[in-house]
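Okay, so here's the structure we're looking at.
Chain naming follows the written order as A, B, C, D and E, and within any one chain the residues start at number 1.
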Amino acid sequence: MRKLVASAIALAASAFVAVAPTASSAKTITLCWAAWDPANALVELSKDFTAKSGVDMKFEFVPWPNFADRMLNELNSKGKLCDLLIGDSQWIGGAAENGHYVKLNDFFGKEGIKMDDFMPATVLGYSEWPKGTPNYWALPAMGDALGWTYRKDWFAKPELRAEFKKQYNRELEVPKTLDELTDIAKFFQGREVDGKKVYGAAIFTERGSEGITMGVSNFLYPNGFKYQDPKKPYSMEGFVNSDGAVKGLEAYKALYKCCTPPGYTDAYMGEGLDAFKSGQVALQMNWFAFFPGLYKDEKVGGDKIGFFVNPKGAAGSGSQLGGQGLSVVSYSPNQKEALDYIKWFANPDVQKKWWSMGGYSAHKAVLNDPGFAKTAPFAADFLVAMGQVVDFWADPSYAQLLLAEQKRIHDYVVADKGTAKEALDGIIKDWTKVFKDDGKL
Amino acid sequence: MTDMSQKSLMARIFCRGPWETAATAFIGAGVIMLMQPFALALYTWSFLTTLTGVVMFVIVSKFPE
Amino acid sequence: MAEIRVNHLKKNFGDFVAVRDSSFTVKHGEFFCLLGPSGCGKTTTLRMIAGLELPTDGEILLGGDDVTFRRASERDIAFVFQLFALYPHMNVRANIGFPLKCDGLSSAEIRRRVEETAQILRIADLLDKPVSGLSGGDRQRVALGRAIVRKPKAFLMDEPLGALDSEFRHVMCGELRALHNRLKATTVYVTHDQLEAMSMADTIAVMNNGLIEQLGSPREIYDRPASLFVADFIGSPSMNFLDTHAALASGASELNIDGTKVGIPAMRVSVSESDLVLGVRPEHVSLSDQSTLRGEVFGVEYLGTTQIVTVTTKRGMVRARISADMKASLGEHVGLSFRPEKLSVFDKSTGRVLKSALHEGGVHG
Amino acid sequence: MSARSSTAHSVVEPSSTSKLVASVLVVVYALVTMIPLFWIVVTSLKSPPDSISYPPKIVFTPTIEGYCNLFTNQTRQTPEFLATLPPATTACEKVTRERNMVIVGPSNFTKRFFNSLVIAFGSTALSVFLGTIAAYGFSRFKVPLKDDLLFFILSTRMMPPIAVAIPIYLMYRELGLSDTKIGMILLYTAVNVSLAVWLLKGFIDEIPREYEEAAMIDGYTRLQAFRKVVLPQATTGIVATAIFCMIFAWNEYAFAVLLTSGDAQPAPPFIPTIIGEGGMDWPAVGAGTSLFLIPILVFTILLRKHLLRGITFGAVRK
Amino acid sequence: MTGSHIPDALANRLATATPPKLAARVRGLSDKAIAWLFITPTMILLLAINIFPLIWTIRLSFTNFRANRTNAVVKGIGLDNYTSILTDPDIWAAMQSTAHFVFWTITLQTLIGFTLAYLLDRKFRGHGFWTTIILIPMMLSPAVVGNFWRFLYQPQIGLFNYIISFFTGVDPSSFEMIGSVTLAPWSIIIVDTWMWTPYVMLICLAGLRSIPDYIYEAAEVDRASTWRQFWSITIPMALPFIMLAVLFRGIENFKMFDMVNLLTSGGPGSTTEVASITLKREAFEKWRTGFSSAFAIILFVTVFGLANIYVKALNQVKSR
């Protein structure tokens, strides 16, 4: 027994030793981001930083479905896990107001980093809080928007083109409007292509984090949905639930009902990629961030894949903004090294390399390069998309607003509860309550 | 003699068994009210019912068997 | 008519033979005891009669019907278990009423008969109590009530008093017998306690090693034991045994033990020279100075009206039950004499008794 | 009642037909219930395309790809780039090269698995230690309000983890215990100690007091008697309790997912987040799940005799 | 505890018969000191990690505190949180989802578990081995295994749909367990039943084994049919055990979080949003700490009430 007790104590002791903080050499900093293709590219890119500065880089990549939960949890618990954080655009308000991020204005001024060098949409989306004021909390790191991919090879098949023409009286081409997109999806749904049953479109329906809200936004913005009265902040009646918004939501549900693969009730980026890569779908809604990887894919990449910007709707064009800015976590003990990293990252040469490796630079030196549109098949589309992006609320209460919309939209689109108008009215009700609680109304 | 009967009366009133059953019933009713799909009013009052049962349970556990 | 007839009953549990070859008849209304040490097969026999155990071979007739391989529920018997086997989740009323409920009687009828039974057993006041709080004796009464309420063809009881303390056991013995006298139902009663068997039974079957050694009335079994085992098992203190080596001719009425001639009942068989055992009940021993069979007083147990005097002889200990007013002191040398007409002579090799005048007048088994 | 239990023909003994029917039904249920576990292992040995083929493949070429993906991070590279690399040395490298991928480093799984081990062992040791002495205290001494204390101890185990997690989260944030192994160890100990006290009290109650009394008459102090007489007698119980605590700490998810994010995160919240190149990497998930379940399978078998006791807080002894 | 007087008295006697210093050595620490020494650490731990936070929760439940806004002013808002929870139809709906889940899992687990126990009680050859096999799912991590069930439930590539289609001929891609509004609750119920039926079975088996053979023999001679024996003997005598299992499963499933979170995370829509998921959303996604604290207290009181009943049942079984 004595042995048992002794070993138990030894065990407990070893546990204590294991958790004792290892003396941190100031030479290692940790960067947190989502686990996806661009993150791997960033690992490669950062090797240059280590070589130049001698600061070692560690990375903590969290899968998308958990990314927000875990990182916000980390920030709220004042964790020291991350020195640098590439956080989602909507977090900026909360992170700024609660002091999670280091304000970068002074640093930018000192180091001569000018926000004018970055694309305006990305500065507004990723760096500023309050929106429209020159208070910067992040460096635009990864521009992103919601776009589409399609199977170029299927679109080129003469027999399919002929049949499509017969049915819809136009050529089978990249859709210019959302209605055309729905037609194409309907056309492919359940069709045999290359001896395999295929489906129309892979779109976002995820419930847990932000999926369906992002997806439906691509249908709402072009149909006239606005978050608030531009003249009267937080006044939403007639903007969130405008007739156009109702139509857009109904159209999204119609697309979901008719043209998605089976079991597509809780799908986000990963499921979309799966469906597209396995050759199940003709169209796929997804973030531009994945397009380099898809283009390189041996089965569906190269000549077989095409890309297009979110088509127009009844009220014009619009795309959901994605992407992130790079921020320094205020709880980090290594802020100096972290700022060094930002300084290094803002360098136009690094930005160019970043784009070449598969990251979406937001730097004008990259994007305004005359040859930029030719650098990748999706480069031109990316510029167009970034010119028409709209972002979700970036309010400190964004999570509550997002969860409310997630619930209302998913209940309507997937769970068949109520009507589109009721869903949007419900969103206004929920949002109003949140803003009231926050004293903004 | 009177003392005896009084004692037994007290013992009868503060005997654990029936009180415990009542507390259990309160808790059970509260739980059912909490989760029933019929009336919002029942749901609203469920917590108070359960709480009553719980408090009662804690008190009567001090009564003699 | 509910006579139980058991023919050549055998029971094996794998290699172990529990009951070898038993045959006996329990007459209608008889109180029949199966008596023997634990492991002798008496409980197994009883369980086979009840239908709780199915025999390996043989035949059981209950009221003339062959029930050998019928289930217990098809036999119309009642069984009283050693541990009472009351249903712990039912109250007394439900316990007693359960057999009637199984027979599908109306609840009014059940109620009437349960109360009637409770009256008989004097437990009417307990009817609505849970069985868990009852004393051993009350539990026993409830178990009996459950047995008698249905008026079955036979009662089978498996050491029903075994779980009671000795004082109470005595009381219950009397009650059981009184109950039997009142109901006159055929009863098979298993016990290892000879006093119970003696005080209650009409007929006793003494079992040993899966065999019935002797079958008879308590008096017969006591007075005329058929084997060394029975002689030893029955009676307290048990029979004295004196070994000797002799031959006996038919009609002989004397046996030589250490040179002392001891009178015995006239032999009805003759035996050649062999090892014999003389069996003497302590109450048939008296101390007499004339006797040449002598020994030294080793111990005296004073019992009030009688006393047990243990005397060491060359042939071993001999106990005598003598009147309490006779004086016997430790270390005293005394002579022993026996009542000849009450003695049994056994063949040591077979363990069976040698037939003598004592056994005339009918011995079974 | 002699030889009762071995009766072959007793009426209460089920007939051989009913035994046969029962055994067939039970075996069928047992096999059906094993299908998901079987499938976990099978999936872990498939290649990613095989794992998502339709209809599900039962015949396939086994590969260690799932395990490779579980333990390494990889990036996609062009064939030209791959050609410049030195030839693959390990099996995993070979497998990944075939898919135009390069291993860039170890994945987080090893770290999470190690965290699981540390937290499970640490909290088990602590809760068994605390549980043993508390159980001895409750078993042998007159403690005021004993029943209430025991109920209080048990009721802490019944608390919904999410409800408790809110204040714990706030508390840990203030104390700097968020996302630390020591924080998780303390938390799991608090949950486990109730089970440990109840179980061990049962085990210690079964050790006759006379042993210690005899020892104390022989000159031992109470503490010596506890150490030299009670503890050795209770070893089986302590080991069984330890395994129960271990299994709980090993399997726990709710606290882990809410209170850890990086450094101290154990495996359960991590495994569901194993995502390959687009979408779930099911073979890797299968591999992680298989590795994670093996210790539990072993423990379940070791614990068979005490299982009932463990899940009823010692109420049913058998 | 009366037994502890004996050594106590003995030690006292020894102590009085010896000089004080020696007495202290003979007695070592007093029993009372040891009792407190042994029990206090556990109590302190539980107070620190269970009770103190609980009191804190109660306090927070009367405020509008938000854990993600440490700079904001915290106001006491009385019972507002409670009234808004107890009048919120969405949270009521979550409670109903919980009820649906609890009701069906308990029903299925009790039926299947008891049947299995009844079959295993036939004591056929190898029943010990098969019992162990059947018990395995319940020891596994609900999170890790539940996560894998998501794969089994995939409409086309998952094994579940394929097996169903193999036996029924229904096209495997024609139904979605996790995705469809009607089937999603059942997808959780099935996994929970798969996982926890062994638990109910094990306790039922103990209940059945606790019935002595002679009770059945008595019933047999009382001429009870097999059917009546089952309903009048087997069921009522095993009932305390069944109740124990039902109560425990009820408590566990009332607070079920991990499996639901990983299988459906409340979806589709909010069809499977059970109470814990709602609570997690409020507390750790919306960060309405005060509000969710009130909700936590409501759940906690409910569970505490059920735990009281459970311990009562536990003691009842223990006294058997």
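Definition applied: contacts are C-beta pairs under 8 Å (C-beta built on N, C-alpha and C of every residue); 3 or more make two chains touch, one makes a residue touch a chain.
Everything numeric in this text was worked out from a predicted model, so none of it was measured.
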Min route length, chain touch network, chain A to chain B, equals 2
What chain lies farthest away from chain C once each centre is taken as the mean of the Cα atoms? A
Write down the chain pair with more C-beta contact pairs when B-E is set against D-E. D-E
Quick check for you: compute each chain's CA centroid and the global CA centroid, then name the chain with the smallest gap between them. E
Roughly how far is chain C from chain D, centre to centre by C-alpha average, rounded to an integer in Å? 61
For chain D versus chain E, what separation do you get between their C-alpha means, in angstrom? 16
How many angstrom lie between the centres of chain A and chain D, each centre taken as the mean Cα position? 36
Centroid spacing, where centroids are CA-atom means, of chain A and chain E in whole angstrom: 39
Could you list which residues of chain D touch at least two other chains? 1, 10-12, 52, 169, 173, 258, 280
Multi-chain contacts only, two chains or more: what residues does chain A have there? 73, 76
Touching at least 2 other chains, the residues of chain C are 51-52, 71-72
Provide the residue numbers of chain D that touch chain E in the complex, in ascending order. 1, 4, 10-12, 14, 18-20, 22-23, 25-27, 29-30, 33-37, 39-40, 43, 51-56, 130-131, 133-134, 136-138, 140-143, 146, 149, 151-156, 158-171, 173, 186-187, 189-190, 193-194, 197, 209, 212-213, 216-217, 219, 221-224, 226, 247, 250-254, 257-258, 267-269, 271-272, 280, 282, 285-286, 288-289, 292-293, 296-297, 299-301, 304, 307-308, 311-313, 315-316, 318
Chain E partner, complex, touching residues on chain A are 69, 72-73, 75-76, 94, 97-99, 207-208, 262-266, 396, 399-400, 403, 407, 410-412, 414-417, 437
Within the complex, chain B is touched by chain E residues 82, 86-87, 89, 92, 95-96, 98-99, 102, 298, 301-302, 304-306, 308-309, 312
Under the touch definition given earlier, write down the residues of chain E that touch chain C in their complex. 212, 214-215, 217-225, 228, 232-233, 236-237, 239
Residues of chain D touching chain A in their complex? 52, 73, 75-76, 78, 100, 104, 118-119, 121-122, 125-126, 128-129, 169, 172-173, 178-182, 185, 227, 231-232, 235, 238, 258, 261-264, 273-275, 277-280
